[in-house]
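Shared chain: chain A. Partners: chain B in the first complex, chain C in the second.
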Partner chain A sequence: MQPFIQFEAVSKSFGAHTVIDSLDLTIQQGEFLSLLGPSGSGKTTILMMLAGFERPTRGTITLEGTRIDQLPPHRREMGVVFQNYALFPHMTVAENVAFPLEMKKLPRAEIATKVERALDMVRLGQLKNRRPSQLSGGQQQRVALTRALVFEPRVILMDEPLGALDKQLREHMQLEIRELHKRLGLTIVFVTHDQSEALTMSDRIAVFNGGRIEQIDSPFVIYDTPRTRFVAQFIGETNLIEADVVNVQGGRATIALSDDLVAQVDAAPELAKGQKAWFSLRPERMRLGADPAGDNALTMTIADCIYHGDHMRVQLAQGQFTFTARCERLAGDWKVGAPVVVSFDPRDCTVLAP
Partner chain B sequence: MSRASARETLGALLLIVPLLAFLAVFFLWPLWTMVTAAVVDDTVSRVLPRTAAAIVSWDGRDLPPPQVHEALVADLRQANDQQALGETVRRLNSAVSGFRTLLSRTTSSARDGADPKTIDLAAVDPRWKDPRYWLALKDAVPPYTDRNLLAAVDMKRDADGAVVSEAPGASANRLIMFRTFLIAAIVTAACAAIGLPYAMLAAAVTGWKRSALLLAVLVPLWTSLLVRTTAWFVLLQNEGLINGALQAIGFIDSPLPLIFNRLGVVIAMTHVLLPFMVLPIYSVLLSVPRNLMQAAASMGASPLRAFWRVLLPLSLPGLLSGSLLVFMVAIGYYITPALVGGANDQMISSVIAFYATGTANWGLAGALGVILLLVTTILYLIYGRLSKSPQLLGA
Partner chain C sequence: MFRAIQTLFGVTIVGFLLLPIVAILPLAFTSSVFLTYPIEDYSLRWFTELATADAWRLSIMNSLIIGLGATLLSTVLGTLAALGMRSEVLPLASLLRTVFLLPMVVPAVVLGVGMQMLFVNFGLASTYPGVIVAHAVLCVPFVIVSVSASLQGIDRAVEKAASSLGASPVTVFHRVTFPLALPGIISGAVFAFATSLDEVVITLFVAGPNQRTLARQMFSSIRENISPTVVAAALLLIIGTLCLAGLAAALRWRQERNALRAAP
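And now, the complex of A and B:
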């Protein structure tokens, strides 16, 4: 896949406040890229600049080699789906969907056919003469999506489009959007603050923090090998503890969380003896009970057991640290106060720079 | 209803009793008086009861029988209420002029003479041989009349009782009513032309800019009439600021007539009525989400097309309400056209004032008022339907 959209040294300031500072980003054609981050991290600003609703203060944005950052939004040929759908209240569903085709000055018969087909594709055919106010949230969302797709734009931009839907509908729409992406081969840029949504839908995730991209990788890599502390904490759950690097030898590092807790981890090249580092271990990677084959076996005390239906969460205490482990539900095995051996694979933990 | 809620209702009613009393006395009662003044015509039947009773049986041909003559003399002898008699005289005089002297002469004869049956009215005054006076008397007997309402639209009943138009030049009510609607329409159009972009600007900006814009349009409404009028004189008169500036930069050679004519009236009324147009449009626009225009742009609509297809249709309900409001208020305007307009710019309210306070023709004043009230009520009902209809607001 060749570079399709390129952000080069893009900065954006609102008055004295700088939101984005010299950001580089490459988007491949046909990929589903999620821009993930907390509120105010700049992800929506990037989307707005891509759509043309904001201009970058510095830097350039190119699409297939052509510079677009000075183009007005109505000439960029990008479909946009907004969080509040932005449907035209004075038009029917069919008229809403027909709008972009009318702007392209297509013949009326062709518009009618395309609208019909587009609405059938999302199963909204029988609602075509209703007004947006007469539709449910999910239906409005599908109309907004259809409207953004019907004129076959090169890029689809989505600004937290599923935020206003309830959980079940949201999950259903996530699958539908993914399905559409695979079927139509579109390039989709998707802004969200929900990390599980990003993990489910994306080819790549760009994790934003404070106007900068901390890591941009496939969901697997982001989850298994977070490169910064922020990414480790923002994506999924993790136990994050500050530790000292005691020794580095032959691809393995020994790190000490405290005098009693010492762990063996796979050493990243930049780790050096005497350094401070952050030790990250995901709850599902911790195994309770002795594992003679494991390199790491730490003794901890069970502080609490929380039942979650399909799994248990066990709070473990050791000294001043608290760990959360995720276990299969085994009723009655874990008694509060009892000591237990916790083991984990050195390859399963991540050591991050401070 | 339980006792507690009955008490609550009573308490609520007591709270609004002062307002209801105020409205009843100073609004409903005058309105009722105006409506009744337009159609009630009972002075003759009150002050000359016997004449009224007797003249009813007369068929209107030739002259009435002697019983009617006697009844008239008897009534005039007994009429002691000078004010009521004066009303009767005015009423009859407005039908056929000459009644004032005729009746005063007849009244003095009636009081002097001894036996009513012996008085020969034709001898007292030869005008009593003219059927016109008797017909006018007969015509004034029924307690309700439509003559005022007809006169308000320049019509009358002729000798046969058919409804005909007044002779041209005799009455100008229709002309003035039409002129009132025309001026109100011009002012409404001017307010729409200025108010729509103004409201769109106010809705688009935020913070202090928005407050400043709204304040600028409301302040004329809150300013005293005299201050406003003085300001217009200063601005618009031949030696005023506008003419002075235009002449100074050489745009014109002699001053433009900007005041004491139709243009002055339109300028002054638009100046004051602008908030009635701006605020409804502004409030409708506030409910339009900001990203509708962004969405339109993303779908290929240039700013002009987005305005035409999205923003304008959505602001139309506000434009409609604003227009109705401005029109309704404008047709009742009185002092402003009187102060800033010429002789040809007087609106219907000044005519009503003339009849009411000038010639004390409460009947005609009431009738004109009734017509104005009718038009305003119809417009208000339309306005009420429109502002309640969510469909139009696209909600």
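And now, the complex of A and C:
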């Protein structure tokens, strides 16, 4: 299948400073792709190159097989939602939404019905004669979204669109955007540095670091099998430990976590005996308790136990070596200083070459 | 105690600034030919004189023609300059800005002499276009300052949004940038008109007898014979300027309120 959007060897420099370094990226039609990464990793730059506000220094961008990297923004048919909404302050809500339709030179009557329908869809019909300054943040956000959707652009680009909203409203808008994406079959490229937002909304997540893609995969794969140390650390919480590979046999490897702690893990094919490797294990994948079920059962000491409302965070130690486990609030009564058996499934461990 | 001193000080300063003006203005309504108190009889004869005496009538017309011409010219040029200096790609934008604002600080006499010499070469001396251009030079800085301020208040993302929604650069300008800058442009134009209206020094150098403006006419009639007509003219000028200043202030206020609200 021909990719919908394709970046080929795209680089972008500002003066001597290279922000994007030879990026290859394909986006499928109807996909919800999140660009996730720390501040300054080049997410906005990529979006701006897609929207036409920045030109790549090198490389090409194609949309359905046609090169677009040299087209001006107004000829790209992409709906952009900016972080601060960027509504036209001198126009009413209805005029804002009508703007892209007027640019398409649609007949007046058609514009009116489309605006009406679009505003009703996001429950803003009542507010259509207000100015943006008379709306709440969430309402402004919905107007911006509607304005970007109403002219049926080929792609919707959003740059941290929910960053300015409070937590509750943000979660509500996440669901709303997800719903619109499913219902209208939109292609959405969504920039965020909020990992839970990326995990809940996306079909795929591209994790950026320093202008390069570290990993691009579905939220499941990104979370469960991070392919680089950066991804393992950046997404969710993890116990990341530099360890020695003691033995590799039939898809299983034995890893020495410390002098006297050894774990069995599912091994990546490239792993070799005697190698150093990074071992990653999510806190919620550990079980604490006396029963030594499974292949891994390490005896450790409870160093601290922190109450978090819906869960407990238990610090485990064995000499210099420490682990953080996350468990149910009622899973047990953990006494600081007491020994405990820590067990986990080899499949839940990730081992990364250094 | 401190507050009382503050208030007293403020009132004194305002009085110091306003009293000379207030003291002379009632004399516009005297029926006597002398500028003296007490006023025995009130009349509008000096306003009639303004409207009928050829010299005065002509000067009022000249002021309006030259004022409007200079306003138009300086508003267009100043707005274009402000737009140009907004672009990031323009090198030395801040140097240019300083150059454009120079007429505000260069002594008017220097400008006047310079322009007179220049205009003679171009055949512009003692012509309407000459005076209009001369006034426009003085007015442009006011327009630039005012328009730049309102352009600075425009969020770039709003213009980007417009172009991503399908607006060509020209359309972005006339549907978004221009309407948002309009209050600044209008208040710049108001300042320009007011500046032209009471400009005397440069007019002395570049205008001929036919381009005698109201301010210039007042200046010379004070030297010839002090008649209450001058006061009547002054009153007209003051009222005109106050109206314009009020208009500018109202626009500025509206713009600030909008800017305040637009911030998320």
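Criterion: the second predicted complex is superposed on the first by the 346 of 354 C-alpha atoms of A that agree within 3 Å, B and C clash if a C-alpha of one lies under 4 Å from a C-alpha of the other, contacts with A are read in each partner's own complex, and residues count from 1 in each chain.
Quick note on the criterion: a contact is a pair of C-beta atoms (placed from the backbone, for glycine too) under 8 Å apart; a residue touches a chain by one contact, two chains touch by 3 or more.
This structure is a prediction, so every number in the text was calculated from the model and none was measured.
With chain A as the common reference, the superposed partners chain B and chain C clash. Of the two partner chains, neither chain B nor chain C is touched by A:G40. Contacts of A:P72 after superposition on the shared chain: both chain B and chain C are touched.
By the touch criterion defined above, A:H90 lies against chain B and chain C together after alignment on the C-alpha atoms of chain A. In the superposed model, A:A164 lies in contact with chain C only, and not with chain B.
In the superposed pair of complexes, A:G289 makes contact with neither chain B nor chain C. Here chain B and chain C are compared by how many residues of chain A each touches, and C touches more. With both structures placed on the common chain, the touch criterion links A:Q140 to chain C but leaves chain B unconnected. When the two complexes are overlaid on their common chain A, residue A:G52 makes contact with chain B and with chain C alike. With the shared chain A as the reference for superposition, chain C clashes with chain B in the stretch 38-46, and the other listed options (38-46, 56-64, 110-118 or 128-136) are free of clashes.
Once the two complexes are overlaid on chain A, the chain A residues touched by chain B in the first and by chain C in the second are 51-53, 72-80, 82, 84, 86, 88-90, 99-100, 103-104, 131, 133, 147-148, 151. Residue ranges of chain B in contact with chain A, taken from their complex: 289, 291-292, 294-303, 305-306, 309-310, 313-314, 390, 393-395.
Contact residues of chain A toward chain C in the complex are 51-53, 72-80, 82-90, 99-100, 103-104, 131-134, 137, 140, 144, 147-148, 151, 164. Partner chain B is touched in their complex by these residues of chain A: 51-53, 72-80, 82, 84, 86, 88-90, 99-100, 103-104, 131, 133, 147-148, 151, 157. Residues 155, 157-158, 160-169, 171-172, 175-176, 179-180, 258, 261-262, 264 of chain C are the ones that touch chain A when the two sit in their complex.
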